[in-house]
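Pasting a structure below so you can have a look.
The letters A, B, C and D name the chains in turn, as written, and every chain counts its residues from 1.
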Amino acid sequence: MLFILILIPLLASGVALLMPSDRSRPWLLPPVAMAHLVVALIAIDRHSKARLGGWLWLDPPGRLVLLLLSVLFVICAVYTTGYLRYREDRSNRVFVACLLFFLAAGTLVAMAQHLGLMWIAMEFATLSMAPLIYFNRTARSIEATWKYLMIGSVGIAVALLGSFFMAYSAMGSGPPSLLFSDLMARATTLNATWVRMAFVLLLVGYGTKMGLAPMHTWKPDAYGEAPGVVGALLAGGLTSCAFLALLRINHVCCAAGQQQFTSHLMIFMGLLSMAVAAIFTLGQKDIKRMLAYSSVEQMGILMLGAGIGGIELFGALLHMLNNGITKGVLFLSAGNIHRSYQSKSTDEVRGAMRRLPLSGTIFMIGFLAITGSPPFGPFVSEFTILTGGLQDHWYWISALFLLLMLVVFIGMGRTVLTVVQGRPLPGRPASAYRDRLLTGLPLVVSLGLVLMMGTHIPAPLAAMVHRAAVFLEVHP
Amino acid sequence: MTGTINSLLVVVLLVNLFMLGASRMRGLIHAAAAQGVILSFMPLLLAARLDWIAVVVASVTIGLKGLIIPRILHKALRDAKIKREVEPMIGFLPTMLLGALGTVLSLVLAAHLPVVGHPVSNLVIPVSLSTILTGFLLLTTRVKAITQVIGYLILENGIYIFGMLLLAAVPFLVELGILLDLFVGIFVVSIIIHHINQTFSSMDTRQLTALRE
Amino acid sequence: MVMDLIVLATLLAAGSGVPGLLMSRRSSVGEWIAVGLIVTAALMGFGAIGYQLAFATAPAGLSEPWSLPWGRFAIGLNAIGMVFLTPILCIASLGAIYGLAYWPQAFHRRNGRKLRLCWGLLTAAMMMIVVARDAVLFLMAWEVMGLATFFLISTKDDDVGATDSGWIYLVAAHVSVLALMGMFALLRVATGSFALWSVLPTSSSSVLATGIFILGVLGFGLKAGFMPLHVWLPGAHANAPSHVSAFLSGVGLAMGVFGVVMVSAQWATPPIWWGGLLVVLGAGTSLGGIIFAMAQSDYKRLLAYSSVENIGIVLMGIGLAVVGRAVGQPLWILLGLGGALLHILNHSLFKPLLFFGAGNVLHATGTREIQMLGGIAHRMPRTAGLMAIGSAAICGLPPLNGFISEWMIYLGLFNCAVVPAGLRLTWLTLAAPALAVAGALALAAFVKLFGMTFLGLPRSLHAAEAHEAGILAIAPMWVLAFGCVVLGLAPVLVLGLLERAIARWDAAAFVQRPSLAAVEPLQKMSLILGGLAAALLLGVWLVYRIRPRMAVVNATWGCGYGAPTSRMQYSGGSFVRMLTDAYRAILWPRRSGANVIGFAPEAASASVEFPDTVLDRGLLPGLRMVGWLAGRARPLQSQAVGRYLLYVLVALVVLLVTAVW
Amino acid sequence: MLINTVMHVVLLAAAPPLMLGLIQRTKAWLTGRKGPPLLQPYYDLYKLLRKGVVLSKTTTWIFRAGPMVTLVTVLLGGLLVPFGASAAPLHFKGDVILLIYVLALGRFFTSLAALDTGSSFEGMGAAREVTFACLSEAAIMLGLLVLIKFSGSLSLNTMLRAPEEHAFAMLPVASLMLAAVGMFIVLLAENARIPVDDPATHLELTMIHEVMVLDHSGPLLALVNYGAAVKLFVFAALFLHFVPPVPMGSPALNWAVFLAEMLGVALTIGFVESLMARLRLTHVPTLLVAASLLCGFGFILMLR
């Protein structure tokens, strides 16, 4: 079952490379995505057991990430078919292939129970995204790709060192191991100093992938230059995978008795990321860069939730899902606006609600959702995190949390409203693009999901999240 | 046994310092290749008895770090018809001093870190740390794209050195996977470098600052 | 039964705009359907209230499980809820009817449907807020209200004034939501559940309680518009379509008051300083609000600021009640809270009346400048008469309803002067003179509004060519004016409801239902007021008898000057000039142009405007400063990749140090 | 009891013009003129009632309603204020606020009627009227607070007569005197007397009350003048309660004392008007603020 999950997209990407026609190739995506989703649901439902001597296993948090990834990919797949119709100027062979390959790698991350294996999968996911960012072949996109590659590779290298440290810390008791199960089993015997250093390195390494400040610097550039769908997958998929990795590592470290250290570190990083995002969203003119910083903020919230622990773990996991879907909504609608106006700067984009009633409105609503307005999903998770924070008497942290959320709201709101309200500026070039079924339907569906997450969380999903939170609870 | 390891490690250290000082691009590439080759021999020395897996891994490593990657870099250097000097942001001497300082610090740090298990040599950790630091120095202080790639290689080497301590933990599959990643990474990067040349007709990363707030 | 009705009504209201969306922009069927649905919903709501008042013994409630973390779909209706629900239903339906004439789909194809959709959502959200008994549900309703309001304010999204004030409102609403999120989270820490509006176990002196109270005052005060939290209010009410302004100002602000009332009821004995704080806040709010109102030259802004004043009056009453609860003086609770709640009802009658009238004027003349108007009473007699009633009522003049509520609050404040020895609370009485001054200023403001707009000679062509509004716009105003008179002459009609509400607010102080009628001679006063009304009518009728017999109609006496023109009239600005000069320290006017000196001067022009001191002098410059500072950080993110890698290295080293330490 | 009421109503209806006459007589006497007959105000009213009306064509119903409304309101006010030691016909707890607001109703219509003509002078008058009211209302409120605090009652009938009913020794004399001065200033200001306003002047630019009624003529003007007289009478009656009185036993004596006191007030006003000059308009607010401060001090003194 697990192998099938990985093989479906892997083979599909191979097929995509071989397919001759640019016109028909995109149509490969939706069926593959659907198939992957179906299989994933079955696998999640069946609690399929471990493979490769425990290297591959869908642990509860893994299931969440897998589900998120699969659903997000279905949405993006449908959107991509519509999107590539407007990009017949260039071959989409690499584009489609890399998308599918990314799905495979992400799936592997979700089920990898071995630090090394997880690292490899993560690196492949990173690399498979590079050509997508470079899709537009402009000078700016080259620069973005370059920065993305260098910072990402260095970060991932640091993560590798961290994994080694982790293994080394276990050498005190028998042979070193990188299997989570082993590490958990021998948690109490791990060497404190090395575990801490390992955690720091892994935090920085995978934090680079998540885009935590100050390792976030690639994010605005990459998100700004990549096509909207790639941004959606980066912000919703890749970051979630990295977050999953951090959660597992944190799990081990807590079991090793470093709970206080790790939680303080994560809270600090979380608040730092939120603060940096807040500073840079103020007066941001570029809607895609704005979304990138908002993603930085969301990562900060995730870290905060995970750092505080307890029921916030529940909140954080829930927020991971909400953030993933909502980011999808935002990036896809921003992509539509970008295409219609040939620009993503507030100097030139006005009156989106008039020219693109659907995308404009959904962009606006998505903004409200991501900034934590009821009745959308992120509100529920953020409110959960806040409640828990106050429950554990983190009064000042919570106050700061609220304050930073407000600043981000002000920063983003100014930009979003400038874009969606008013009339389109006269004399600006307007492309022929208008909302179509293939580029509009995914928005509506994902917005529906966000609304559902905010008003009625399906019982099985809630159970999954709960199980994941319990799984990651530490009982020393 | 330990003696050979230590001496090799010292050589690695010297290579690091040399690279910080190197002014010619070719020399830099050769040094990196040499370091890679040296490192890839170590597992053979450390292994209790030569099993074929270790041999395979070592040979692949040598092939990759000694031949393929230098090839790629040389090629990239060739089609970029530009002068072959390394352009540092801060001079060679200061970077060398920084590197030396880093080495000292990593020695001190390693001395204070608790020893776990029975390491073959107490030089492994400090050398790997200083190598990593060297890599970072190259990454942050050199402006040419290729130089930064080399810096990334050195960083990788440093991590590889640390890997010596836990050969048992890192099965050959993972080793190969890591190598494959390294290869693909370098490959993709070289493509991008190629495009950078095409577009900017230079490899100076200082020109890559169009994306700004 | 009752709650099912309420839920059904809420759903109807929420969906009232949807059919319109499905129809074409041209068809005006949608708006009639919307109005029908809203009115039906309102009738059902009234039915529920009536049933509850007449037959029910226990407060109605309904609680269903809900698939959100700890969320329950819990709603309930108590007397306080009814007091606030009544105006919601009333104004929602009247405003919708008025909207048929004021914002017809035929003339507003682009945004008519959006407006009606949001109108329905706003109505539903407010109903939900009043009945919600679960924090998550409450927050959702609160935010839906905020967002719907935002879209209503920026209905004309290509008008800069509307979008700017909408944006300011949106930020204010978000701050309020965040504050309330914090408050409810603390509430959960205190009680362990999200169930709402029960008396809390924690002592009111604890830090937790203080935090809850402060956050509540902040969050709800932003909505209600306590000074200095009123910043969003003037612009929003001035730029929104007039019936929207009526709804927001007559009912929307009351939602904030509802919150304060509920939050302050959560402790058996609140500390005295809470009440003191509210009274002082209220006095400041009413004085500040009316001072700014009196200075405005835009009649919708004037009305908006006067809403601030009225909220301040209400706040004084609530504060008095809180103090009374703290020191165990049922009389103060009775008069304070009773007056406050009654004033909420009254305000929801005369403020919409005035905004509807303003809407008619705006529709007829196309200008919001008082300086451009004048003399339109001749062309719009019905609007003028109704506006006169509204103005008199909002100034608290007998025999209209405004007087009754202010009278109760005055009485409560006076009671602090005759307090039994030992309680050193006489200083609270000093709020009474403040209220008196506010009342006198309100009179000045509304004499200016009415006199300069409707009386005298037209000051511009706009005014000269004004036309009376249609029946659909006038009928709702008749209803409201009638309400003002009835409540003024027979407050006894609502006493029962008020007493229930007061008993609900502080059940401890009142074993059996408190009786306002027993405490205060309301019947006797009603008789006297009735007599006054009769005398006035009789007198005016007598004066009218004069006309046919011996009246010569001629031009106004120009004091000997031959050719007086309409531009020689006293203008609104000069009417309040002495007052604005007296309060310039608060108003901080922005003057431009030179004042003319000497004989035969050159042509010169001078102008003075009154920006909102808090917003335009304090908040916006502050925010700009913050933005500028944030801009300083930009270079950090404009570097080559090497620098970015340096950031990574630094982070790594610093964190490693903390790890090894 | 009934006698009291009848007496009260009769006095309220008939006496006010006489008071005007008294004031004029005093001024004439002090300035060595012969002066108009004591009943001149009655003659004027009679004459005006028989005259015709000139209406400006800019005016609406408000212009005609104004004077009557004002008259009705001051009459109601008069029924609430006890004359001397004898009870007022209408009284209930909290009628003090009704008094203030019913006068405000009158002011509302007077100034609107003034604005109705569209004449700039009457606009000026209205502006001044509403502006000064803001200050005098605070003064009245604070002054009444003194008696509320002292009597512990919220009904004019009780609180105003409290000084009469207590022994002189028990009175808060300091507070009462401060308040009395304040109330006297308010009395002058509210009724457009010197030094605030000059009923006899003919320069529109400087007038307050007179300039508001420039366009009223005939019976309307009669109503205005009569209303003004009643207002003066009522304020005088109100003011009297602040001067520590001579307690009297029987009702008849009470009325006698009251009339004597009213006469005193009339003479005082006459004295003031003939001894003082009219203040510059810009100094009027200062005077009124002083009045409110005096009443405020009076109240603060009670707080001890």
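By definition in this document, contacts are C-beta pairs under 8 Å (C-beta built on N, C-alpha and C of every residue); 3 or more make two chains touch, one makes a residue touch a chain.
What you are looking at is a predicted structure, and each value in this text was computed from that prediction instead of being measured.
Visitor: What chains touch subunit B and also subunit C?
Guide: A
Visitor: Which chain has its Cα centroid closest to the overall Cα centroid?
Guide: Located nearest the centre of all protein C-alpha atoms is chain C.
Visitor: In angstrom, rounded to a whole number, how far apart do the mean CA points of subunit A and subunit D lie?
Guide: The mean C-alpha positions of subunit A and subunit D differ by 78 Å.
Visitor: Round to the nearest whole Å and give the separation of the Cα centres of subunit A and subunit C.
Guide: Here subunit A and subunit C have centroids separated by 43 Å.
Visitor: Where the centres are mean C-alpha positions, what is the separation of subunit C from subunit D, in Å?
Guide: Whole-Å distance between the two chain centres: 36.
Visitor: In whole angstrom, how far does the Cα centroid of subunit B sit from the Cα centroid of subunit D?
Guide: Once rounded, the distance between the two centres reads 100 Å.
Visitor: Give the residues of subunit D touching no fewer than two other chains, as numbers and ranges.
Guide: Expected reply: no residues.
Visitor: By residue number and range, which residues of subunit C touch two or more other chains?
Guide: Expected reply: 634, 637, 639, 641, 645, 660.
Visitor: For subunit B, give me the residues that contact two or more of the other chains.
Guide: Touching at least two other chains: 113, 136, 139, 148, 205, 208-209, 211, 213.
Visitor: Which of the chains touch, listed as pairs?
Guide: A-B, A-C, B-C, C-D
Visitor: Flag every residue of subunit B that touches subunit A in the complex, lowest number first.
Guide: 113-114, 116-117, 132, 136, 139, 145, 148, 152, 155-156, 158-159, 162-163, 165-166, 168-171, 174, 177-178, 180-181, 184-185, 188-189, 192, 195-196, 199-200, 205, 208-211, 213
Visitor: Can you check the complex and tell me which residues of subunit D touch subunit C?
Guide: My answer: residues 52-62, 64-65, 67-69, 71-73, 75-76, 90, 92-98, 100-102, 104-105, 107-108, 111-112, 115-124, 126-128, 130-131, 133-134, 137-138, 140-142, 145, 148-149, 152-154, 204, 214-215, 218-220, 223, 285, 292, 296, 303.
Visitor: Can you list the subunit B residues touching subunit C in their complex?
Guide: The contact residues of subunit B facing subunit C are 89, 109, 112-113, 136, 139-143, 148, 205-206, 208-209, 211-213.
Visitor: Give the list of subunit A residues in touch with subunit B in this complex.
Guide: 114, 116-117, 119-120, 123-124, 127, 130-131, 134, 139-140, 142-147, 149-150, 153-154, 157, 160-161, 164-165, 167-172, 175-178, 191, 193-194, 220-221, 224-225, 280, 284, 289
Visitor: Residues of subunit A touching subunit C in their complex?
Guide: Interface residues on the subunit A side: 146-147, 150-151, 154-155, 158, 193, 196-197, 199-201, 203-204, 208, 214-215, 217-218, 220, 261, 265, 279-280, 282-283, 314-315, 318, 351, 353, 368, 371, 373-375, 379-380, 383-384, 386-387, 389-391, 398-399, 402, 405-406, 409-410, 413-414, 417, 421-423, 455-459, 462.
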